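Before I ask anything, let me first share the structure, which is written out below as structure tokens.
Labels run A, B, C, D, E and F following the written order; every chain starts at residue 1.
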């Protein structure tokens, strides 16, 4: 059930028995020579929608642009300042809280968002405390990074081993191939996609990872793999966050 | 051409001969008993993509949640504070400007966004001036409210006359029916959907417009009408903003 | 009745039977070779004071500097960032609301302020909603752009036709001549004051409108015209906003 | 010479040989049973204009609402948050600096503004440093609190002794009587106008000073005294800040 | 009693009979060729702790970096923007207020902090008022600048006369020598340490005061003097703020 | 070498051959019935100073109050909003960068700070990019959470096993006992210190962990253990971040 495809009376009925909502967040950033710039929101959105369907939970609007400063040396990348992302998520969650939503599960497709989203949760809690606007039952926010979940990591290892890498990975590319099979891109990949796992700013990132990949080989990706990653991620999210989505 | 379905080398090539990008902005807000909560982004996105295709212009990520304070008495509505929307759009545009984009056309589906988007353009220009970061050629931002364009207004009048109303209108509902034909909702409509055209805050809005419509009769909408609205809007946007999109 | 020329016990008495206040807002910006830099606040202030007198409504302090980024290539122009103007107006209105004022009519003399003032109203409403500080009766804010009102536009057309133009217009200059008859300036005017109606940033504005006028011929202005514009604007404001000022 | 009554070419000529500007700042706050709510801006404006005339210095737009939290228990008082005042003054000064103004003299009529104005100066300097936008010659900002200047204090002591008090003082009321002789108010004054000189928040202020005065007896004020205070303040400002205004 | 060396049950017991807390604030800035960069927080901390001991008042965490823009031309100096310092102090005080602290005494070691700290107090009061979160008894904040207190000034005059100067003074250096006797630095001092008492921005400061001192001769300082300054300051703070610390 | 105990000429000399600085960050929050409220800054400061000594690296001022919203139900706890912490750290780092510091190692004693500090790093990088103020060599920021380092975790496991817990742990308490042996507190501990590892807001935290501990048994701590933790942490930090501190 997507909030965007619902009417307000339908949401009103939903809120008579449920209080959870799922928010997908991604990024708009380079994903190597063959990865789609929208990879992170495409993957998060697909997984979020599937989790919503399995658990009868409403899925709210996505956040398509995240914190991607380190990719800004690559054309087409966009970034929010962390401070903007914090205020954006605050407005999303405060709006939902006003209607009675109490469990907000953010399904995230981009590592660069983790700090800002986590900071946003505490910004929200603290603003509510300072304003004397804490609710009963309390608002609860959880972050789920689908690509870091143990079962997903196991599948990454099984399918790609070390060639999974850290950015523009075959696993995330595979999911986009599964969702957008007509948009599978082919381009030459530098055989040495960087071996570092650390970097500082946007210039340093491009120096270390000239074509945008961090040690990954996205040529391994297939749409079929993508389907498996979606299924694996969804199953694990349902297992780990199912109670939360049910208000437990 | 969608930014999210492109790779960074593709954007790099685009920027060798084009500098324009289209950004759709909508809202997440009630649209009466039968209108989808995502109506404004669905319509803006559909029109933006079609304009992008006709003019070979890149379409960037949408902004699905806008300034919808006045709808907050209806479950499922979400709003950004104007100050958040200004910072959000600033980050979008500043990111794009860094890559060499110089013409940003915001295609907007929601009247409540007009003030904040316009304010954001001047916030951006002023920040660039203050920082001594003006570009050559200059960054230019334009706002296009598809639902207010003369040809669209003429079609609204032709098809629905006064029953078009001001919110949850048959024209916008028709576009969503065209895009999502499986999500056509049916619900009883109060025969007196409010006659006022003004309101102050969110409580006042619901008092004046109890089921969310502002003088509209969305039961008139059909998917076929929706297609006509998209075509009409796109043609007029191409006519009016085509030169801008070509950097003229 | 001017707030600045009143005492607090006088305001206390006023609030026993009235809840309205008028706030003039202008700008500090070039108005062509002969127009005063303070034109927009001078006109708004004069009209606001006259409306106040006719309707027995308190007139609060003006906002003399507005959003005038696009005039910054002309010496003496000043601008607020939109974000600053939003916070400024928020503080004005929140202060007044705390005393029981409930209707705030902003009389505006500058087109560049419209977006920011409108955004500010929603920022205010939304802050009150988020803080659980909505009042009964509700706070209501209205914006009146005197120079765009139909009767004023008719008089502009009658007196000046197309030579009214869009900035540094004879109508606004006339009002300043009426208010400050000793400050009528004479200077050569470029016979081609620009014909565009659009522009982007401050540099673009000066390129299109080299002496600051937008298609206007302020040499047509007379103090007598100015008096007519004030009277016309005041009459129409009283007609359109009189009920609002009376709390209806 | 008032900026608001000048044209941009006049300012352009001024800037060929002068770089100074005077900005008056006041407050919109209760001044006891007989003092005008606009007292602080009326006095600052009058003195600023006279200093401008004596020194051929341009006088810019005033700031009529200042930091007056502690007066908010009295109807009609308005306040900016300090953070808003800092941003407001930042925008004023940054605008002027862009045109080549280099000496900004803020003539202040309200003690409550001192901290925020001083903080704003450093916010401005620091923003310029951080942005690498320091100018040559450097921007310089000075604050002048006319009511605290030694010669003014001597006259306060001479005319009123201890009955000068600390707020709603006869000296400032006298200046408003001189400027607005038709607005001299008469009202009963509590014979015990508070003797404290300290207070914390707005509630505490009203408890300590029930009618708004802080130990003052404004019934001593006369328009003739007001003229003397203006002349005294102006002479001292010229003596102390004259070099600064001349760019020395 | 230091908050940092207490447990929460100890604080809970303290709050059953006391409501006061002391916060030291300093700066991280150059103090001439021989003064420690941490001078201002070292002095404030030492005095605050001694006041705390004498009056059985809890001493909270210090603020080691203050507003020191004007020292930024000297290596090692650090500064907060005034706007940051306001928000920082707001969060400190709001946190304490939530537990029932009602009297906050800020003991300050740096003149450059005065404006921002004072502005912060009003920002706090105004935020509480706007949010409807005023407490009973009210929150009260006081600022004490130890180095400006009359008895301290008398001792400065007695010991050093004019050679006390205005920055990197022997009195503050003496206190650091008393606290850190192993860190007494010796370096050549320019015999002409500047005679101005005013300055504008960071560049101007260094031009006027090339080695960082403002007319001072810190070579006069001794640890024994430092002890006397601490004792003098503490005695006067107890005398002047003792009632406040006891909630009177 | 502590910045606070250095003079500006000493820092100037340091910067001729080194560019690194260490910043300790902690928190002011409850640490169970026996843990000091300043535990996190005490531990971070001690470890930072030792790392500074071993590597001849300058240690800057600490941040004693961090993000501790979840502890606000316990008296004495203080918190910054994440947005404040981001701006605070931005000002710290921007100040240091202006002097030529290029490597900033933040040694952190509190898990609740991780998100905000990480967000701050990207806020800083992004502000520099937007302002066109990137440096050569680039500014680099790294975060080190001493209590999560593998060797520290191994020692926690070796000494305490599961009784280490997650908050108010014996390991951090031990370090404070080592640093402040006279401040070892004894108090009854609830035998069931909570078993959950998750929580949402401040109220939820206290419900789950009534005396403030998260599954820990701080009664196991000894000063001798504390010394081992400091040595272990320091050794590992030197091993892992030594190159960074040397600008490699």
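Keep in mind that, in the parts below, a residue touches a chain if its C-beta (ideal position, glycine included) is under 8 Å from a C-beta of that chain, and two chains touch if they have at least 3 such contacts.
Going by UniProt, the chains are A, B, C, D, E, F = Creatinine amidohydrolase.
Note that the coordinates shown come from a computational prediction; the quantities given were computed from them, not determined experimentally.
Participant: When the contact pairs of A-B are compared by residue number, which of E-F, C-E or A-F has over half in common?
Facilitator: Checking each pair in E-F, C-E or A-F, only one repeats A-B, namely E-F.
Participant: Centre to centre, by mean C-alpha position, how many angstrom separate chain A and chain C?
Facilitator: That pair's centroid distance is 46 Å.
Participant: Could you tell me the distance, in whole angstrom, between the mean C-alpha positions of chain C and chain D?
Facilitator: Result: the chain centres lie 25 Å from each other.
Participant: In angstrom, rounded to a whole number, how far apart do the mean CA points of chain B and chain E lie?
Facilitator: Taking the mean C-alpha position of each chain, the two centres sit 53 Å apart.
Participant: Which positions in chain B are in touch with at least two other chains?
Facilitator: 72, 79, 81, 83, 87, 98, 129, 131
Participant: Does the chain-touch network form a line, ring, star, complete graph or other?
Facilitator: Shape = other; not a path, cycle, star or full graph.
Participant: Considering the complex alone, what residue numbers of chain C touch chain A?
Facilitator: Per the touch definition, chain C meets chain A at residues 129-132.
Participant: Which of the residues in chain A end up touching chain F in this complex?
Facilitator: Per the stated touch rule, the residues are 67, 69-70, 72, 79, 81-83, 86-87, 112, 114-116, 118-120, 122-123, 125-129, 134, 138-141, 200-204.
Participant: Using the touch rule from the top, collect the residues of chain D that touch chain C in their complex.
Facilitator: Chain D residues touching chain C: 2-12, 15, 28, 30-38, 41-42, 60-62, 64-65, 72, 74-81, 83-84, 87-88, 90-92, 95-96, 98-100, 180, 183, 185, 187, 212.
Participant: Inside the complex, what are the residues of chain C that reach chain E?
Facilitator: Listed in rising order, the residues are 94, 98, 131, 133.
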